[in-house]
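In this document, chain identifiers A, B, C and D correspond to the written order of the chains, with residue numbering beginning at 1 in each.
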Amino acid sequence: METVLFILFGAIAVCGAIMVVTRKHPMASALYLILTLFAVAALFVLRQAHFLAAVQVIVYAGAVVVLFVFVIMLINVPESRLPVERATTTRVLGVLAAGVFILESAVLARRFWMPKGPAAEVGTVETMGRALFTDYLLAFEITSVLLLAAVIGAIALAKRKI
Amino acid sequence: MTIGVKKVARPREMSFPESLYLVEIVKGLGVTMGHLLSNIVRQEGIKTIEYPEVRREMPPRFRGRHRLMKRENGSPRCVACYCCATACPAKCITIVAGESPDPAVEKYPVRFDIDMLRCVFCGMCVEACPCDAIRMDTGWFTPPDDTREKLIFTIDTLLEK
Amino acid sequence: MTGPLFDITVAVARIAVFFAFCFGLVVVMTWVERKGAAYIQDRRGPNRADIFGIRAWGLFHPLADALKFLFKEDFIPDNAHRLFYQMAPMFSLAPAILAIAVIPFGPDVTVMGRKVALQIADLNVGILYLFAVSGMTVYGVVLAGWASGSKYPLLGGLRSSAQMLSYEVSMGLSLIGIFMVFESVRMSQIVAGQGGLLFGVLPKWGVFVQPLGFILFLVAQYAEANRTPFDLPEGESELVAGYHTEYGSFKFSMFMMAEYLHMVVGAAVVATLFFGGWQVPYLGDAGFLLPGGSAVAVPPAFVLLLRIGAFVSKVVFFAWLYVWIRWTIPRFRYDQVMRLGWKVMLPLSLLNIFATGLILLLLKK
Amino acid sequence: MIAPSAYLLLSAILFGIGAVGVVTRKNVLIILMSVELMLNGVNVAFVAAGSYLGDAAGGVFAFMVMTVAAAEAAVGLALLIALYRLKETVDITELKVLKW
């Protein structure tokens, strides 16, 4: 059962990702990105990381992609003025490079040792909360500073007159 | 009534509880709920007139659907003089005159059509008529219909009322 | 019945029952909205549709509307982006349906010797799941606005995405107080936690332990559901009909259904998180246990009935509140919405978290 | 039971596709989305590793990556809007002047 679900959601994620990078219009890309994000969230659920799956959907699909969609609508580039994409050779070379990378990682992944067992309950709300607020408290706090900086930066950049 | 100057109260500063809006919203909800309940319990507050069943009494000078008047013997009073058709600003009246069988009357309308889709209900035809043959005192609106043809009223329809 | 068969039957039954309840309420809501609006405004409201001459106060109007929407011509404007235009209503309806899954509509019951929770799925991330799916609702509106290829829908979509992003933040933050008080994000545990009493008199409902959180959450819910006073994505006075201007026939009716389903689900969420869900004050498993110390025994079947009835009536009340508010409060201006969202709701929800944390800390000592 | 390497492979594929998007596309919006894809691929690896090794660090790392992704998207899109106001284009090859 797990294998079937893994293959299903993995396939959806990969197909969605391919669509994201191949679609001409950014809106289509954004929608396929949501698909991929959902599939990845489902994979998280398969590994018992329920909390992360929920956060993945809330943060990525609920906020980041909405932001993308918002910007796409805001600047609303007409289809005729979308940039002309690179030549086929460049694209083929890019795909080849990525293929080499994926093959290398596949070889490495087979060598990489991890205990093969059922998913540990590390992604639930309780364990994540405990880890975040004890061992990784400093990192967590620094994240808030990062977010604050991002908020200020975004406002400073996008606002016409401050 | 003389024309007077009405003093309009300037909006005053809101007090703190008012500026929170919460109490005010609850008050507003009370008002709407009051209307709702009173309208459910007794329907006096409802001002709606349920139109086809209940009709508003129209004032006597209201210009409604036309009607053609008849003489005592039942023939139309119209003498096909074309005054109304000439006066009509919307050109919605079509008259075809014919020789009247009654020797006292010269002509009578063979056809008298009013295109209700073009009529602007101005009442000029009524003003123009020399023998009070057309009136607009039915107090009726033009009823809706589903084809254009049905809304060209012929002499029979106009004589009915 | 054997194990898996039993499980599947229970699952299907739960989904069917709750789904039927929600959609039934949606149908009734469309009627209540129109009739309620009419009575509030001293009008008579829909009363014409009849079956064999029986008018039943216009109760057949939802049916007539549904038939009309089904048989209308299904067109796509020339300028529209065909695929996205057709997908938008589905994007709009799906999250509302998904959100139903985690709402408990009754206590655990024993069927054929097995414990069955009256909840479609008791996820351990309950509320987070709710956030996740409610975050998806914005796509329906945005996509509809963008794909219609017309300016008013586009403006509506823009407004909607900005509004929903802004209010999602304070909606999430306003619930953190609830997590902190009930120490769980699992919906069933939050409801169970609201069974107790506060100072021996008040039921320990979310609204009593988190009054500010309740108000903030309610306001944010209205903004998320695009209901008045936050319905400016479809503000008809300036945007024709907003994001669904170019929609007709069944696609439009899907938007309608989505809106009403959001209201029903929103009402269920408010009832669950802040008004004790299926909990009836002072009602234990064996019967009423009044604060004075007197007890009234109630048979278990009746207790179950009372509890489900309590949940249903709470949901109906909050669904009605949506309608009630709509015909009471005028629409905000866009800048007012943004100011309220960022300058009032956000600081207040942060303050709420801080105050809750402080009080919990003092109580623990 | 799925081998951990399957997750790592999937992670690599997602990362690779995202990288192809970054290097071959010209539309800034799609490049930003591809970056999100790459981050997501990394997240898959983190979560899988965390759950196989039974260490909460995997989840925490994924969480941090998500935060960074959100911040990156916000700042990136703000930059994009500012640039679009200036240059009226989303073509990255035309955005090569670093000063104005």
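Observations on the structure shown:
Following the convention adopted for this analysis, a residue touches a chain if its C-beta (ideal position, glycine included) is under 8 Å from a C-beta of that chain, and two chains touch if they have at least 3 such contacts.
Since this is a predicted model, take the numbers as computed values, not measurements.
At the centre of the protein atoms shown, by the Cα-centroid criterion, sits C.
Looking at contact counts per chain pair, the maximum sits at A-D. Distance between chain A and chain C, defined via averaged C-alpha coordinates, is recorded as 29 Å.
Between chain A and chain B, the centres computed from C-alpha atoms are 66 Å apart.
Between chain C and chain D the centroid-to-centroid distance comes to 34 Å (mean Cα coordinates, whole Å). Separating the centre of chain B from that of chain C, both taken as means of CA atoms, is a distance of 46 Å. With touch defined as above, residues shared between interfaces to two or more other chains in chain A number as follows: 51, 55, 63, 67, 72, 74.
If each chain is drawn as a node and touching chains are joined, the picture is a simple open line. Pairs of chains meeting the touch criterion: A-C, A-D, B-C.
Across the complex, chain A is touched by residues 81, 84, 87, 123-125, 128-129, 131-133, 135-136, 138-139, 142-143, 145-146, 154, 157-158, 161-162, 164-165, 168, 172, 185 of chain C. Listing the residues of chain D that touch chain A in their complex gives 1-21, 23-27, 29-30, 32-34, 36-37, 40, 43-44, 47-60, 62-64, 66-75, 77-82, 84-85, 89-94. On the side of chain A, the complex with chain D involves touching residues 2-3, 6, 10, 13-14, 17-18, 20-21, 23, 26, 29-30, 33, 36-37, 40, 43-44, 47-49, 51-52, 55-56, 59-60, 63-64, 67-68, 71-72, 74-75, 77, 81-86, 90-91, 94-95, 97-99, 101-102, 105-106, 108-110, 112, 114-120, 122-123, 127-128, 130-132, 135-136, 139, 143, 146-147, 149-151, 153-158, 160. In the complex of the two chains, the chain A residues touching chain C come out as 27-28, 31, 34, 50-51, 53-55, 57-58, 61-63, 66-67, 69-70, 72-74, 76, 124-125. Contact residues of chain B toward chain C in the complex are 22, 25, 28-29, 31-33, 35-36, 39-40, 43, 45-48, 50.
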